[in-house]
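Listed below are the structures to be examined.
The following pair of complexes shares a single chain, chain A, combined with chain B in the former and chain C in the latter.
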Partner chain A sequence: MTDPILDVHDLSVSFDTYEGRHDVLNGVNFTINEGETVALVGETGCGKSVTARSVMGTLPRPPGDITSGKIRYHGDNLLADEDAHEQVKGDQMSMIFQDPMTYLSPVYPVGSMMADVATYSGRKDVSSWEILKSFLGHRENAEEIRERSIELLDRMRIPDPEGTLDRYPVELSGGMRQRVIIAMALINEPEFLIADEPTTALDVTVQDQILDLLRERVTEQNLSMLYITHNLGVAREIADRICIMYAGEIVEVGRTEEIFDAPLHPYTRGLLDSIPKLTGFEGSGIDGQIPDYTNPPSGCRFHPRCPAVMRGTCDMEPVEHYAVGEDRTVACHLYEDGMEFEEAAAIAADEATYDNEEPQPAEAGVRSKQ
Partner chain B sequence: MGYRDYLIKRGLSTIPMFLGLSVLIFTLARVIPGRPARLALGPRATDEAVQQLREQMGLNDPIWQQYIEYMRGLLQGDLGQSLISGRNVATDLLEYFPATFELTTLAMLIAIVVGVPLGVIAGQHKDKWPDNASRLFSFFNVSLPPFWAGILLQLFIAFQLGWLPATGRIGDVSPVPVETTGLLLVDSTLAANSAAFISAAQHLILPAITLSLAPVADIARMTRSSFIEEYDKDYVEGLRTHGIPNRLIAYKYVLRKSFASTLTIIGLDYGFLLGSAFVVEIVFSWPGMASYGVEAILQKDINAMVGVTLVVGAAFLIVNFVVDILYGFFDPRVWHEGESE
Partner chain C sequence: MSTDSSDLAETSSSSAGDRRPTHRAMEKSGAPLVSVRNLKKYYPVSGGVFSRSKSNVKAVDRVSFDIFPGETFAIVGESGCGKTTLGKTVARLYEATGGTIKFDERDITDVDGKQLRQLRRDIQVVYQDPSSSLNPRRRIGNIIREPLDVHNVGTKSERRERVADLLEMVDLPVEFRHRHPSALSGGQKQRVAIARAIAVEPKFVVLDEPTSALDVSVQAKVISLLDDLQDELGLTYLLISHDLSLVKNVADRIGVMYLGNFMEVADSRELFENPLNPYTEQLLSAVPVIESHERSLKPSAVEVQGETPDPQNPPSGCPFNPRCHHRFDACDSVEPELVEVEPGHLTRCLHDPGEKRKEVIQAMPKDVAFEDRKGSRQD
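On to the complex of A and B.
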């Protein structure tokens, strides 16, 4: 197997706030192979966007601080020196954002912004003269950039791509703006794309169109993508593999079908249970909230909410990532490293599904780690 | 609504504002206590002479009638006679206004050229030393009384170092520039008279710097705060994510968006400069309109008072109309149809 395009290893990030130090990411591990789409799924506040910003090199520091870990891109550690990010940013890596309403400058036509991304991306500095030229819309290869932009907008199925370039963002609908943002991210032909909930702010129908377009681009240009979402349904549509994140830790990784067919981690099961179905909402969701990051729970960070909690184990011993079967890891004391997949699935099936009752300490206490 | 419609709408709305202003000024000048005719003729004049002057000035007519009379004159360029100079106020203003206009405009240009980059640099380095230095500098500027700053500049730069002249508007140059606009820099440029241009510029520098101190501070602080607010916006993060150099983001994107509030301050400060220039004009013996206006108020020369105030008001309206034009340029959403957000 070839080296992964992105390898995030043991990434920990803290934030200094007035209430104290928040350990927001706690040893995050995942890899993305070439041409692969990996979805990072978790509820709001679990550290998905912090992960994306760390990879992209736009984490505000301070207050953020990367305390440990490596981010290897094609084998080079991006955290090793300051310039490493600048070199890949924009040119090889690109990002699309959650809210199309606020990620475009309101005072320039969208074409002007696209041209700037095409011209100045990855440049260290510009002279005042160039700023003036850019302001007045003069650039050497204006024609070529314009044609490239029109072609991209056309591929994003924007009607009247040429006219759209001269429009201001206020004149475009949310779906159109998101298409422009995706086009802008693709203008420098990156090979790796981070999508931070690009469809969350859109209507369901528009969301579907955007997902289709994005998938089309990914396959056609052989892009690798990290797709961040809180919506498992969206992740199922777009991702090859899924990483489930909880409170700054990756709790389960597996191929998309496998995650949906046989969720191992109790949190994953809870998430799947929480998806409303058209036939009526039967699941009960997960009680409680994401823990406080200044003083996270000891042991497994999920244990206070876990229906299968084992007192004496889950609240004491830190969890490790156990490889289960092939290409599947889970961070839960229910399982053991090197376990066969079938065995693990049996344990998972054996566990009580989420019900409305509180987890029963007595019952949980007799259960032991096999 | 297009940009042109927006401009026409804005332009037309200055007319009622000017009319309202003229009514207000005209009425105020006449209802405040004091007897202009008596003051003009002196304590020894007979009552008949005073009555006659009042009659001649139309002061015995009802105010509305006087106003209509005055406005009719205004349309023909007649602002009434000044009681002090004995000339028509329009003639006086034509002589004094260009000097003040040249001074305040240059002061404002200095304030913009210095204040805006200062604000941007402070905003980029929020709470670091450049920001603190700029804060200190602004604080110093605002708290320095202009007459004192002017005298200090005269002392050091004009007298001790002898680099620039201390007073007056132009030195002994020949040929003296022909008066076309009354703005010496413009006139001497039109006449290709470099000696006059240099002399006029040298005389302008010190008073213009003195006058620009307070607006520099205002503009720098306002630019800083709106810049910081705008710098937090999502699209800035987006541009940074795409690897766009910081300087381009700051000056092309953030500054343009945050410039609207700076423009507001510029418009307001310009009116303030026109009104407060007289201190500087007196210190630098600048033959401008502000000192003429102060004299008119002290002497209760009502026509001159109304004339000066109207010109200042009109200049203020025009400057703010220009500011409106620029608002539309800097932020197209101001005039754009389907405006959201």
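On to the complex of A and C.
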């Protein structure tokens, strides 16, 4: 396999607050290969956005502090050289945000914001003279930028793209704003996209359309994407691989279908069971709540809520990532390194189940066949 | 679900004229607990010089439905479709612009004073965001006791005991009575809001997106709590939600709302297995799935398109016509009515695929028969 485009290795991030030091990220590892979409899935406060911001270099420091780890982009460690990080982020990365209204200025028309991104992104040597000229409407290659913007908006299936350039964000609907945000992210032809819950604020019908468009762009331009979401259903629609995150740690990584068909980590299982489905709803949920980061649980961070907790092991020994089968890692003491997938699935069905009633050992077997 | 023909004729002048009554009363045992007829809630839009009121936004427009004792009736729809307004109007938190609301066979549309106060005991509301619906400066015990104080229930010591019981009913430790809401997690706060709602033993609870602000693992717990309480206390719920998968599992009957009115009303199972309205089909096909076999429940080959139009300026004819995948000529001129095409299954569409289509057309008056519907509008 070729080298991954992004390799996040052992990333730890802390925040200093009045309550003390919060160890939010604790040794996060994941990779994204070229042309691949990886979804980072987890509940509120599990560190998804902190991870994205660290990669994007927009983590507020202080109070944030990257205590250890490497973020390698095409093999170069971005954390070692801030200037290089700035350069790479401007030239090759783009980010799509959750709430378009927060990230679009209400006082500029769409076209002017797109032109600014096209002109200034990734540049540090912009003179005041140039800014003044642009502001007064004498931008170099203004025509070209306008054409490119129109083409992009058109590809995002915005009706009347030319007219949209002269509109203000308030004149657009939520779905249209999100399309503009995506068009803006694509204007400098990045090769790596970070999408932070881009469809969370939208209705399902609009979400469906935005996901289709995003997938289309990603395939057509062979983009690599880190997609952050709390919605497993959305992750299933868009991602090739999924990383499940809990309390600042990645607990399970696997190909999308595998994660859904045979979840291994007790947290993943609990999460999947908690979601109401068209076919049924167990309604079991997971007891307890996400831990306090100033004093996270020892050993496995999930052990206070885990139904398969082993006293003496899970609460003492720090957990490692065990490879189970191909392309699958799980951070849980139930599994051993190099375990066969079938064996792991049987253990998962036996131990890591949230049914209060009879355990159903056949379940995992049925699921894994699908 | 029934509507008098006179009501229809009076309110549907924009649509197909004097149509014969097509809704039959739902054949359910017993009288409905809540019965809503032609309910309207309009908001004035002001603008121009002196902020004159220029027009109305029809947030809820001619909505009729019944809720039977002990059932969960759900309203689903996208943001801005009027589902929260409908819920709050039914709970008498908003004044209705028109129509009637009956509760326990009593007209409550215009009750006030002492009667309204009594009504507040019977109808309670749980809101979406518990952080803003609980007073941050009061302790949990006081928050739950407040409705008891307001309605003068029991003696002081009885109220204290009742608060402890209520906390236990929602699976919270009794010590929580001394805490402030800020010391609780989102799920715990929502439990407090639920305890407060059931404190005065209501008959009917409006649940306005009770779990949307919560994580899924917590949502599951809160939903099963609501379910248990319904069994235990014989509550009737009006559940407002945008989450179809949740509604499918929780509700007995579902109304799919779009731009102020229902597009389809049916039993939960029936709605998902046999959706008749194109809007329901699009909603269903947009739901992201978790399990592979959920896909078989989604309508195939339905392309989701468009967005909710501006409610100030709704499309003519069928409100859904600009987005509809079954759209035909008459859709932008003739406004369809909610018609019962199967027992208990109502849909609002001029054009229904397959068998139902014939029935819908038969139910239409002659002058808007299939071919010359367009012409009838121009006459």
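The rule is short, and it goes like this: the second predicted complex is superposed on the first by the 350 of 370 C-alpha atoms of A that agree within 3 Å, B and C clash if a C-alpha of one lies under 4 Å from a C-alpha of the other, contacts with A are read in each partner's own complex, and residues count from 1 in each chain.
Note that contacts are C-beta pairs under 8 Å (C-beta built on N, C-alpha and C of every residue); 3 or more make two chains touch, one makes a residue touch a chain.
No experiment lies behind these values; they were computed from the predicted model shown.
When the two complexes are overlaid on chain A, chain B and chain C sit side by side with no clash. Of the two partner chains placed around the shared chain by superposition, chain C is the only one that A:E237 touches, whereas chain B remains out of contact. After overlaying the two complexes on the shared chain, residue contacts for A:D125 are found with chain B alone; chain C is out of touch.
Residue contacts after overlaying the shared chain place A:D91 against chain B, while chain C stays out of touching range. In the superposed model, the vertex angle chain B-chain A-chain C (Cα centres) comes to 80 degrees (nearest 10). For the pair chain B and chain C, the minimum alpha-carbon spacing after aligning on chain A is 8 Å. Partner chain B is touched in their complex by these residues of chain A: 56, 58, 86, 89-91, 94-95, 97, 99, 101-108, 113, 116-117, 120-126, 128, 130-131, 134-135, 168, 170-171, 181, 184-185, 188.
Taken together, the chain C residues at the contact with chain A in this complex read 78-79, 185-187, 215-221, 223-224, 227, 242-246, 248-250, 272, 282-283, 285-294, 297-298, 304-308. Every residue of chain B that touches chain A in the complex is listed here, in rising order: 233-235, 237-248, 251-253, 256-257, 330-333, 336, 338-341. Against chain C, the residues of chain A that register as touching in their complex are 43-44, 173-176, 203-209, 230-234, 236-237, 257, 260-261, 270-287, 289, 370.
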